[in-house]
Amino acid sequence: MENIRNQTKIFFLRILNIPFAFLMHAIDLIMWPIQKIIGVRNMPYIFLLPNLIFFGLFVIIPLGANFFFSLSSGDELLFAERELPTTKQYDQLFDCESYLNPNTCTEDFFWRGVYNTIFFVVFQVGLMIFFSVLTAVILNKKIIGRGFFRSVFFFPVLLSPVVVGLIWQWILLKNGAFNAIIESYGGDKVSFLTDPSWAMASVIFVSIWAHMGFYTLIVLAGLQAIPPNLYEAAEMDGTSRERIFFRITLPLLMPNLLVVFILASIKGVQTFDEIYVLTGGGPGTSTSLIVQYIFTTGFASSGSVQNFGLAAAASMVLGVVLLFLTLMQLYFSRNKESKHQEI
Amino acid sequence: MSETTSRIIKIATKKRYKNKYHWTDYFSYFYLFLGVLLMFGPVVWLGLSSLKTLAGIQEYPPTILPLSQIQVDVEGYDKPLPIFNVTQEDGSVKQLAQIKRIGINAKMVDPLNPGETVKVPIDKREKIREFKIQWQNYVDPLRKYDFLLYFKNSTFITVVATIITLIINSMAAYALSIYEFRGKNFALVFVIGTLLIPLTIILVPVFYVVANFGMINSLWGVILPGAATPTGVFLLRQYMLTLPRELIEAARMDHASEWAIYWRVVLPLSIPAIAVLAIFSIMWRWNDFLWPLIVLSKSEVYTLQIGLNAFHGELTSQWNYVLSMTMVTLLPIAIIFAYLQKFITTGIASTGMK
Amino acid sequence: MTEIILKDIFKSYDQTEVIHGVDLKVESGKFLVLVGPSGCGKSTLLRIIAGLERITSGEILIDGNEVSNIPASERGLAMVFQSYALYPHMSVFKNMAFALENLKIDKKTIEEKVNSAAKLLQIEEYLQRKPKALSGGQRQRVAIGRAIVRDPKAFLFDEPLSNLDAELRVTMRKELSALHEKIGGTMIYVTHDQVEAMTLADQIVVLNNGYVAQAGAPLDLYNNPSDIFVAGFIGSPKMNFIKVNAIDKSGSFNLVSDALNLQTNHKNLENNTPYSLGIRPEHIEVCEQQNSDLKVHVDFTEQLGSETYFYCQGEGIKQLIVHHTGQYKINKGEELYLRFKRDSVHLFEENGMSVSKKNN
Amino acid sequence: MNFKFILKAISVALVSFSLTLISAVSFAATDVRIMWYGDGDKENVPIAAQIDEFNAANPDINVILDIVPYDAIMNTLPIQLAAGEGPDIARVTDLGGLNKYYADITPYVADPSYYEKSFGPFLNWYRKPGDATSIHGFHSTMTVTGPYVNKTLFEQAGVDLLGPGATWEEWAAVSIEVAEKTGTPIPMAWDRSGHRVSGPAISMGAKYFDSNGDPKLVDDGLKAMTQMLYDWHQAGTMSKDLWGSVSGSKYHAPNDWWNAAEVVFMMSGSWQIGRFANEVGDDFDWWAVPAPCGPAACTGMPGGNALLAFNANPAVGKVMDYLSSKEQLSSFIGQVLAIPGHLDLQVDYQTDDPNAKHALNTFAGAVPTIDQVAFDLQAHVDNRIMFNAIISRLGQAIVGEMTMEEAWTRMDEDVEKQLKEKYGG
C-alpha cells in the first residue's frame, strides 16, 4: 500500500517536474551564451541580479524616497509638488520641553508612541523569555506527547495578526468569554481592552500568546544542544534539580537567550497589526506604538492632513533603533563563515 | 480500558526517580494542561461561536454550544413563531409562542390552542433553545460576498509569490554561497541592511513606487514588493554553505553550465531549506494584511485577510460572519500545519527565523 | 590520447604562495601519480589542471593548447573526487549520464555509454539506486564510471581510495591498474600514499612544499632518490637515517658515528664533513658479531609471521628499523648485530641532496 | 515529507493559474469603477441591484462596484488619489477634504440644472473655495445627527420621554434614571466622532470660526460641551469602554451595546435607521428624539455621503445621471431608510417597522432646525481636521492622559499645525 502511494507520488512528481525542467532548460539556453561571454567568474552577478532588482525597486529606492520625504514638507505624495528641503519634520519631532513628559512635546503622539513601545518591548520581551524558557524546559523533559505539546504552543505563531487580533478581541470584549468566566466565579467584569490600565497588559498578553511558540522552539533547540552527559554527571554528583537548572542549563543557554532577546526586541519594536486590530491603539493612546504613529500620521489620516514628511522622519528614527538592534544581533550571532574557494 | 490506554497511563505516571515525584513533575503537567487550554481554547471557542446565530453570538453570558430558539408553526399564522417558557402568575411555567411584542408586553399564543392570545410581560418569558448549527454563517459569505474569490486571490498571491520568492532568493543565495567575487561583501551588507527595514516603515514610498508601475489594485502589486526577502536569502545561503564544494566542482567537470549547477545540483540538494522558506513564505503571504489593505481596494482583487477586515469594518459588525470567515482564513494554515507540524517546528528551530 | 604540460606554474592565495614554479609533463596515455605529504600542494596542482583553481602565473597546455583561462567545464577532463562527489539526489544512472546530458548528447547514445561503462565496472545492477544505497567501493566505481562515460581527454583522480578500508583499497588499486590497461587514457592521480604511487604509476612526481622534489619511474625513485625527502617518503617502512662523518681513509671514505664505522664506495665526499647515511630496513641484515657493522638493542619487534621488523636502538642512534624475512625470536633488550648492504647505502649532504654513487 | 509539500504547492499553483485564466475574460465596454462603502447589506444590496440594472441597459458601459470598508474610504482612498490612482467614482463622507481630486462632470451630465435644482446647497460642500459652478456628483443620502432612545426601557422604568426643547443635562438625567430603574449598564452612548460632538457643541454656543471665517476651534461653547462629555464619562453616565476601544480620530459606533439593549440613550444619526430596523428588529422599541438643546441652539449636524467623480468622461456622467435620477434615488433611499439628499423627492419607505417610520419622520423634521453654524461647518473644506482634533484629544482626556485644559490647547494646536502643513507657511 505504502509502496503504491509512493509510486503514484513519484509518478506525479515526474509529471509536475516537466514544466519546471522545461523552463529551466529554456533559461539555460540563454545562460550558456552569457556564461561564455562574461565568463564563469562573473556569473554570480547574473544570479544576484533579479534579487537586487527587487531589493532596489522596493527597498532601496523607497528608502531613499523616505529620506527625501523626511526632508520635505507638504501633503502631496508626488515629489514635484513637495516643498524642499527642510529639517522642520525633525525639529517638530524633537521639539520637547522635557523628553520625559510627552505632554510637553509638540508631537506628543510620537513620544507617547516611543514610551509605549519601550514599555511594551521591555515587558513583552521579558515575559516572553521567561515563559519560553519555562515552556522549553518543560517540553525538554521526558514527557509523553512532547511533539503534540510542542505543536500546541507553536500553533498560534502561524496565525495571521488579523486573526489573532480578532480572536482575542472576541474573547476579551466586555461581553466576551473571559468576562463570562470571571463573572461565573463571582468577579466583576474587566474592561480588558478599553481600560487604560488593562489595555497594555492585554496587548502584551496577546502578543506573548501569539509569538511565544516561536521563541520556545529556539530555546528548545538550545536546550537540546546541551550535552546530556553534563546532566548525567551532575546527577551522579547528587546535584538538586533546581541547582542543575541554575548552574548548568541557564548558563549554557545564555547565547540562545541573547538571540531570542534581540530577535524579540526587533519584532517587538515593529509590532503593529495585532494591536491595530485588537485595540486600535486605544484607549486614548495607551497602546499606540511608534509604527502606529507612522501609519496614522502618514497614511491612515482619516481626513486629516497626510503628513508624509513627519511619518518619514519618524520612520527614520525607528530605522536607527532597528539598525542598532540588528547590528547587535549580527554581532552576537556572527559565526564563522566557511571558507570559500575561488573559481 | 484498552491496552494502549493503560500503557499510556503507565508511562505518564512513570516516575523520573524511582521512589518519589519531584514537584516539577506535577507542575509540568499542570502547566502543559493550562497551555493546551490557553493556546487551543481561543481557537476552539472561535470555531464553536462561528456556528451560532448572530443573536446567539451577542448573548451574554455566552453559551458554549451553538443553540438557537425553537420556532414552531402555529395554525393561523403564516410564519413560524418563536417559543418561550412563560412563567404564569401562579408560578407555573407554560410554553407559548410569541406573535408580536408591543412595548414591554408580548402578545403570545398557546400553540396547542391557537385561537386564543394572551398578553405577557416580556420579563416573564424565556427563550427555549435547541442545539442548532448555523451553517449559514459559512455559506452566506462564501456565496454572497465572493469569499471564494478572495480565497482564490489569496491562493494565487501565496503560490505565485512563494514560487517567485523561492526562485530569486535561491539564485541570490547560490551566488552568495558558492562563488567568490568582487563586491560580494557589499552585496551581503546590502542584503543584511534590508533586513531591518520592515515594510511598515517605507509604506508610503513603496506605495509610490508600486503606483508608478501601475500595480495598484493588481495582485502583482502585492506579490512583487515582498518577493526578495533578505531572511530567505540568508536561510538558503546558510544551508548552501554546508553543501560539499566537491559536488559543484564535479558538476563543473561534468561540463555543466553554472545555471545547470544551480538548478540541477544545488537546488535539489537545498530542498530542506527551500521547504522551510516555502512554508514561511506561504505563512507570510497568506497572513499578509497591511500591504494588501493599501494596495487592493477593488473587490475582485481582495484577499481573505482584507475581506475579513471588511466584515469587521466598524460600520458592519457582523460578528457571525467575521467569526466564520476568521475560521476559513485560519483553516488552510492550520491544515498545512497539522500535516507538516514536525517538519515546520524542527525546520524553524534549526533556522531560527520567522 | 592527450599530453598535458605544465610550465612554470605559480599559485598564491592572497599573500601566500603555495606552488612555486612547477614544471611537469604528462605523456599521452601514461599514468602519472602526484605524491607527497599533506599540504605539499599536490591536490592544488591537480585542481589547477582540472581548471578548478586559477593559476597566478605559468602555462597549462593540453595537447598543445593553452587552457589557463578556459573554465573547468570546457577543458574536457574528468575528475574523480576524494569524496566521490556523487550527486546524492540522482540515481547511479543519472549520475553517470549527467555530463553527457550537459553535452547535449542524444538519449540513446547516453544509454549505451552508461551501460557499457557500468558493465566494465560491474555496477549494472545498481544503476537505478541512489548513491546512499551503495557501499564505499560501489560508490568509487560509480565515480569512476562517471568519468569514463564521457571519454575525457584525461582522468584526474584526487586521492580516490583514501575513504576505503585497507582491503578494498588493495582491490581497487588493482582494478584501477587494469582499467588503465584497458582504456589507456592519460591519468593523473593524486595520493599521499606512496604504496599507491608505486603500484599504480608509470611515472611518479614527488611534491614537497610546492616544489617538484623528484619525478621519475617508481623504481628509479626507490633506488635513486634525489634527496633525503624523497628517500624518506618512498618506501615503507621508512628509510633509516644515521648521522655520520665522512673520514678520508686514503682514497676511500669511512662513515663514522658513535656506533658505526663503515667503509663506503662513495667517492667525492668532503673530508670530516657530516652526512646523513640512509639505509632501508630491507637492506640491513642480521649477522654474526664478527661480520657486523653495528650493534643495537632490540626495543620492540613486530612479528608478522612471514617477516619480522626490529625496532632497535644503538649508541647515538635513536631508532633503527630492520627488516628480516621469516621469523626470528628475540626478547626486548637483547643485542642484535647488523650488517648494511653496501650497495644500498645512500648518502645525503647536509642540505638534503643525495650524493651520487655513479659519477665518481 | 518535502515531496508531499512540493506536490501540494505545485498542484495548488496549477489550479490557481487555470482559475485566473478562466476569470480573465475581458470586456470591451468602458469600465466605470465605483468605490463604495455600505452600511451592511441594507445599503449594499440595493445599490448592487441598481448597478446590475444599469449594466444590463447599457452594454457599452461596465460599472464595477467595489464594496470596501469605511476605513478604506477614509484612509486608502486619499492616498490612492494622492498617487494618481483611485476609482472613477467613490462614495465619500469627507466631502470637502478631497475636493482637489474631484472632476467636473458638467459637460457630461444630461442636465446640469437638474443637479443644481435637486442638490443645490450640497454641491458647494464638494467644490473648491471660490468655485460656484462645478458639478462633481450628488448627495447619495442626507444625514442628520441626533439621538435615539430605547423606548422599551423608558416604558419599563416608567419614565416619560422628554419633548422638544429639553436640554442635554435633562436628557442625561432621565437616561440615568431609566438606567438605574431597569438595571441597564450604560445610560448614554455616543458615536466616537468629532462630527457627532459638533452638533451639541454648536448648541452650547460653539462657533468653530473666527470673524474672518477661518477655523477657530476652541471657544466657550466647545469647552462647555466637551467638558460635559468628560464629566459624563467620569461619572459613569457614558461608558469609557466605547471611546476607549480605539485611538486617535478613529470612528467607532456603539451599535453592539445598543442592539443588546444595554444603552438607554444613543447619540448617532439618521443613517442608523436602516440598520436598527434590520438588527434590533423585534427586541425593543426605539425612537429618534429631537436634538437636545443648549443655550445657543437645538441642533444636530447635517452631513451625508455623496457619490463624487474623480474622472470626467461621458460614461461617468451617464452613471451619475442614472444614480441621481429621482426614480433610482427614491428607490434606493426607500430601501435603505435614509433621509434623501435630494430636495424634491417623494420616498416610499420599504418598511413596516413603526420605529423606523417614526425615526425617519423625526430626522426629516429636524432638518429645518439645523443651525447655520452647523451648515457652515459641514460646508467647510477642513472640517475633518477639526473633527479629528476634537475627538482624539477629548478621547485622551477622558482616559486620563491629559486634563481638559491641556486637551483644549492641543485641539487648537493640532488644527493650526495641520493647516500649516496643508497650506504652507
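Labels A, B, C and D are assigned to the chains in the order they are written; within every chain, residues are numbered from 1.
By definition in this document, a residue touches a chain if its C-beta (ideal position, glycine included) is under 8 Å from a C-beta of that chain, and two chains touch if they have at least 3 such contacts.
Predicted model, so just to flag it, every value in this text is computed and none were measured.
Undergrad: According to the touch definition, list the chains common to the neighbour sets of chain B and chain D.
TA: A
Undergrad: Using only Cα atoms to place each chain's centre, name the chain farthest from chain D.
TA: C
Undergrad: Find me the chain with the mean Cα position closest to the mean of all the protein Cα atoms on display.
TA: A
Undergrad: So, what's the distance in Å between the C-alpha centres of chain C and chain A?
TA: So the centroids are 58 Å from each other.
Undergrad: For chain A versus chain B, what separation do you get between their C-alpha means, in angstrom?
TA: It comes to 18 Å between the two C-alpha centres.
Undergrad: How far is the middle of chain A from the middle of chain D, if each middle is the mean of its Cα atoms, in Å?
TA: 36
Undergrad: Report, in whole Å, the distance between the mean C-alpha point of chain B and the mean C-alpha point of chain C.
TA: Averaging C-alpha atoms per chain gives centres 65 Å apart.
Undergrad: Which chain D residues reach two or more other chains?
TA: Touching at least two other chains: 4, 6, 71, 79, 83-84, 250-252, 256, 260.
Undergrad: At least two other chains touched by the same residue of chain C: list those residues.
TA: Within chain C, the residues that touch at least two other chains are 52, 71, 73.
Undergrad: Counting only residues that touch at least two other chains, what does the list for chain A look like?
TA: 40, 77, 175, 299, 341-343
Undergrad: Give every residue of chain D touching chain B within the complex, in rising order.
TA: By the definition above, chain D touches chain B via 1-2, 4-6, 9, 12-13, 15-17, 19-20, 23, 33, 35, 37-40, 64-72, 76-77, 79-80, 83-85, 87, 151-152, 155-156, 250-253, 255-256, 259-260, 282, 285.
Undergrad: In the complex formed with chain B, which residues of chain C make contact?
TA: 47, 50-52, 71-74, 77-79, 81-83, 85-89, 98-99, 102-103, 146, 150, 156
Undergrad: Using the touch definition up top, name the residues of chain B that touch chain C in the complex.
TA: Result: residues 244, 246-247, 249-257, 260, 264-265, 268-269 of chain B touch chain C.
Undergrad: Can you name the residues of chain D that touch chain A in the complex?
TA: The contact residues of chain D facing chain A are 3-4, 6-7, 10-11, 71, 74-75, 78-79, 82-84, 94, 97, 240-252, 256, 260, 384-385, 387-388, 395-396, 398-402, 406, 410, 413, 417-419, 421-422, 424.
Undergrad: Touching chain A in the complex: which residues of chain B?
TA: Residues 8, 11-12, 16, 22, 24, 27-29, 31-32, 35-36, 38-40, 42-43, 45-46, 49, 58, 60-62, 167-169, 171-172, 174-176, 178-181, 184, 187, 190-192, 194-198, 200-206, 208-210, 224-228, 230, 233, 241-242, 245, 257-260, 262-264, 283, 286-290, 294, 305, 308-309, 312, 319, 322-323, 326, 329-330, 333-334, 337, 341-342, 344-345, 348-350, 352, 354.
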